[in-house]
Amino acid sequence: MDLFIGQLFTGLSTGSILLLAALGLSLTFGQMGVINMAHGEFIMAGCYTAYVTQQVVGDAGVSLLIALPIGFLVGGIMGWVLEALLIRHLYHRPLDTLLVTFGVGLVLQQVARDVFGAPAVNVTVPEFLRGGVDLLGTTVPKTRLFIMGLAIVAVTAVTLVLRFTPAGRRIRAVVGNRDLAETAGISSRTVDAGTFFIGSGLAGVAGVALTLIGSTSPTTGQSYLVDAFLVVVAGGLGRIKGAVVAAIALGTFQAVFETYSTASLAKVGVFVVIVVFLQLRPQGLFTLRTRSLA
Amino acid sequence: MPHRFTTLPSPARTFARTLAASVAITGLVATAACGSRAGEETAAAESCVDTSGDTIKVGALNSLSGTMSISETTVRDAIYLAVDEINAAGGVQGKEIEIVAEDGASEPTVFAEKAEKLIREDCVAAVFGGWTSASRKAMLPVFEDNDSLLYYPVQYEGLEASENIFYTGATTNQQIIPALDYLAETGVKSLYLVGSDYVFPRTANAIINAYAADKGIEILGEDYAQLGSVEFSTIVNQVSASGADAVFNTLNGDSNVAFFREYANVGLTAEEMPVMSVSIAEEEVGGIGVENIEGQLAAWNYYQTVESPANTTFVEAFKAEYGADRVTSDPMEAAYNSVYLWAATVEKAESFAVEDIQANADGVSFDSPEGTVVIDGDNHHVTKTARIGEISADGLLYTVWESEGPIEPDPFLEGYDWAADLTVTE
Amino acid sequence: MLICKNIEVDFDGFKAVNGVDLTLDRGEVHFLIGPNGAGKTTLVDAVTGLAKYSGSVVKDGEELRGKKVHHIARKGIGRTFQTATVFEDLTVAQNLDIAAGAGRSPWALLRRRKHLPANVVETMDRIGLGKEADTPAGILAHGQKQWLEIGMLLVGDADVLLLDEPIAGMGHEERDTTGRLLHDIAADRAVAVVEHDMDFMRAFADRVTVLHAGAVLASGSVDEVSGDPRVQAVYLGTATDEKEPADAATA
Amino acid sequence: MRNFFATRLGTWTGFAAAALVLFGLAPLVLSGFRLGLLAQFTCYAIVAVGIGLAWGRGGMLTLGQGVFFGMGAYLMAMHLKMADAEFRNGPGAVPDFMELAGIRELPAYWAPFSSPVFTIAAILVLPTAFAVVLGLAVFKRRVKGAYFAILSQALAGAFAILLIGQQSLGGFNGLSRFRYFFGYNLDDPVNQQMLYFIAAGVLLVVVAIALQLRRSRYGELLVAVRDAEERVRFLGYDAANIKVVAYATAALFASVAGAIFVPVVGIISPASIGIVPSIMFILGVAIGGRASLVGPVVGALAVAWAQTALSEQFPSAWTYAQGLLFILVIALLPGGIASVAALTKRFQRTPAPVEAAA
């Protein structure tokens, strides 16, 4: 029974990690159909931001809180630069963007290796996040509660921004119908740059948070990327709601499957489930309806 | 495009002819060029090692790029250190050792390819390197087919003995079995096994299971995480729920970071449920964070803190060469030893030839940082002293237990009755 | 020969087409007009299997609802798009040859073309592209692409043609040519044209159906329809000027 | 002149020249070791021809060719291990690595692979059939573009993970230590040369098949589907079937390449078929020119050669070079090297709009 509750919680927790990693992707992929393979490296940049901040500030707790906004800026600026230098020019070639950003990811990984060295570095977990909390008879690590909380905050913030700010309305207009939005006087260029900034910034935040549970090394981002993409694919293009549901569903599925089988088989199981799922709903859980031929 | 495709020649016929021609050429050339068949003797490839000059070439084959570069670059440093020291002392057979360096790129196929290049193109007398079992398995046929020598410096899962490989890291009876002995001595009655999903952990756990069955230790669970996995919630939950006396950890690389953080965070401590690790050395402790792993155990043959004159010299020389902040670890020491063992064997054989080295290897010894190591001529492994270390707050490991003298290598565990069912000896 | 009854298309609660009846007859050029958002293109989407709908579409006695896009196409229903969609990397002749070959066997497909099918050569002349056989379709003039697209339907033996703004972006002379071509091909086919251009409609329509807000507002000859006060109200702008959400995205 | 290679004489000349270089020149000027490397690169080139077909002509970015490459490789490796065990210990013997892993009984699914005929049939049929089933499942539901790319990538990841967990397939270490290839000693340099000839011959055959597909009506249809899939559908074709053929052909090529790779290199492990190796297959194709026939071959050979040559001296620089190649070639020269030749020609002739095959 303890184990069952533990696993249920694990599903939520794994789901929120997936969600943090996938939220930014969902925005950029959804808005521009751009597959940013360097998203994982933006997460890694967030991890190293947390590391560097901690080296400078010293106190683990303070540095974590400072690193979150800095990570957002670091990721955001990297994304903004990437959009301005490359992605903007590859607009009608989404598959090429995928390969180009993969190249960017390779370069960023090697940069990290040359700057910080290949071995993993340690980001100390602040005192107030160490240990666990007893919840319904199982011990739940505080770091995971923190990440779940952060995921909720991030989703709420993104939803609020999209819904209630002028910038957010522009983003939604462009996601809904790019050409129509342009005829309505919205500069989709500016909006693209903005979306990419926010989406990549979220990757940076995710990176900072993930140092609490995982390692910080040049290849850190890669371990999250494929799963994050699957979340976006299963959730449906550009739908935050879809990403949330898909992330939690996949997280829970994996955790439960893993209990009765092995972690490796769980990964394979996730893939099979998604292929079968796409048979039923080829456009993901939630779709924006357009009549576009593309 | 000025032509009209309507006037193009019949495509199907062209196609059929091209196809037929290709097949014919291939068939013709292939059959004309057939070599020896199974069971026939193949003319052994002639060694191209040049022993006439003032220098002798050896290969250093480690991953400098890819996931394994983290660990393997440290081994590379140790190899260079040993070669420099030997050269400073007059070389081998009066010849200066010259290193031909290659990158294994963390991929078994690249290891095989580069090994072949080192042997056939660079004509090296021996190769030092390799880390993962996959890389060793990939290189093994290359060294056997070309009749050349590999010195492999990492502890591994045993069950192998090639004429063309010298294994200077521990085999299972020099690391895993002593670790189990230690745990049994300290009163551990039940174990939980956690490992990465590849060959070493699976073989190690098979041995542990057999050992446990014999000694009445209960195995409460056995979990494997995908290599590189960072999601350890489920596994740690299960470990915690099992209430085992100790955990035997064969995880590899980054997974250790996630595992130990999760372990500490659910409130498990070294006092109530110690973790015995066989892949965590000085290099890894920093990345995991000392605060997450302090007090936990590791099983190796060497720690930087081993107290011996040879080790003092080794550590000082290493830090002088590569910086005071660098640490030395077991695989580095084994790699360092491997160069010295090769040199000593060459001196004894007074020859660089593979067959002479093989014939003279038995009994060659070296006063290494971990203590004296001696080559076993039968299985090409070396004697090693087993040590259990505890991770301390300064990030180093300190010996808490040590075997009574060096342990003879027994890669096929022939000396252990309980292991009889585990393996089929060749 | 094509009878649509009570077609309804529902986009998440928004009824883009709301109970439309429409009959297309052989020998007629039938214009579908109406303001943006009236549901013209959506109706075409529904008939050709792209949009889900309720109601019924019957051609030659066969119900088409629920059939896949390519099955409907093989029943002889061809369509064009607002922006001419031709295979830009292929030549005019290749475009037409593909359009002519939907029924080819796999074996025929895997072999190279020995000579162009007769109807392809014939159609190339008919659409005025006889000299452009080896020109990549991508570098054709805008109007030529539209003609090519119509030609592709002709060689594919479609006898119900649904053309979405076939003269968009054409000059006067090209429009007239297109109009005559439409009449010419309508001799033994049913042709429906979605169009905004009123002059073009007056010049070439045999029959006109006016759609508004997803429903049929009026139907009849050019004169009947232009005399209808409701139609005049719509076109004088008193009706809602709501934009069709994805009109532009159909590119 | 431009279309010389499109004529019958041109086709013959091209193939004859290629055969001369591969069968005559290469063995003369290359050492046994370098020839072995070339055989390995040739395997990559065979995969590349298939990717050129599926991606360059069909627009399907197959980020998971490692799966099919791996299938072919593992099927062949199973046969070689079986043959080896039976040669030494008689029929029904257990391959050496299984003995070490403590597997006493030969798993049932291994048994048929003692037959060379069955093995070759399996190499040709299994991956192709898998590609057909998967392709139908995906394309019929009109999953395409980025979705398809991500799915195929996830497939490669899942496949590698699945293999790592299979102890009866060597797990993480994979299968290695092959001694005989259909009865011939693999350590004999003469036989190693034979393997190279087989690889080179297969490459020519594969290029010939790709050429025929390109020049056929099917080839035109495939390009049509790539550029305007809906249009093709509205002309009465089932676009999914058209795509499946190209996808399955690419899978077949990859499988055959994998099967040759195994005796040439001497090992197959999950590390050679996961996500990253699968993307690396793409790099050569992109550089050589995805939509051209010979471009992918040249690109694959060039990238493999550059990797071997450069990574020896500058392992870190090579990673940068790889990344930058991806960025620069795809962003600035989407047609690859092949388009450079075409571009220069175009400048000499009347300027025409450049078609970028995306």
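Quick notes on this one:
Chains here go by letter, A, B, C and D, matching the order in which they are written, and residues are numbered from 1 within each.
The definition used in the following text is that a contact is a pair of C-beta atoms (placed from the backbone, for glycine too) under 8 Å apart; a residue touches a chain by one contact, two chains touch by 3 or more.
What you see is a predicted model; the values in this text were computed from it and never measured.
Distance between Cα centroids is largest for the pairing of subunit A with C. Among the chain pairings, B-D comes first (most C-beta pairs in contact). The most central chain, judged by C-alpha centres against the centre of all protein C-alpha atoms, is D.
Averaging Cα coordinates per chain places subunit B and subunit C 69 Å apart.
Chain centres here are Cα means. That of subunit C falls 43 Å from that of subunit D.
In whole angstrom, the spacing between the mean C-alpha positions of subunit A and subunit B is 36.
Listed for subunit A are residues 113, 262, 264, 267, 293, each touching two or more other chains. The set of subunit B residues that touch two or more partner chains comprises 1-3, 8, 11-12, 69, 197, 224, 226.
Within subunit C, contacts with two or more other chains are made by residues 50, 81, 85, 111-113. Those residues of subunit D lying in contact with subunit A across their complex are 59, 61, 134, 137-138, 141-143, 145-147, 149-151, 153-155, 157-158, 161-162, 164-165, 230, 275, 279, 282, 286, 316, 319-320, 322-327, 330-331, 334, 356, 358. Listing the residues of subunit A that touch subunit B in their complex gives 2-3, 6-7, 10, 13-14, 17, 113, 118-125, 130-132, 138-144, 212-217, 219-220, 223, 254-255, 258-259, 262-264, 267.
Remark: subunit B residues 67, 69-70, 73, 197, 223-226, 228-231, 233-235, 237-238, 240-241, 254, 257-258, 261-262, 264-267, 283-284, 286-292 touch subunit A in the complex. Those residues of subunit D whose C-beta lies close enough to touch subunit B in the complex are 2-3, 6-8, 11-12, 15, 19, 23, 31-34, 36-37, 40, 87, 96, 99-102, 104, 161, 164-165, 167, 171-174, 176-180, 183-191, 193-194, 197-198, 200-202, 204-205, 208-209, 211-212, 215-216, 265-267, 269, 271-272, 308, 311-312, 315-316, 318-319.
Those residues of subunit C that touch subunit D in the complex are listed here as 48, 50, 68-71, 73-74, 78-79, 81, 85-90, 94-95, 97-99, 101-104, 108-113, 136, 138-139, 152, 156.
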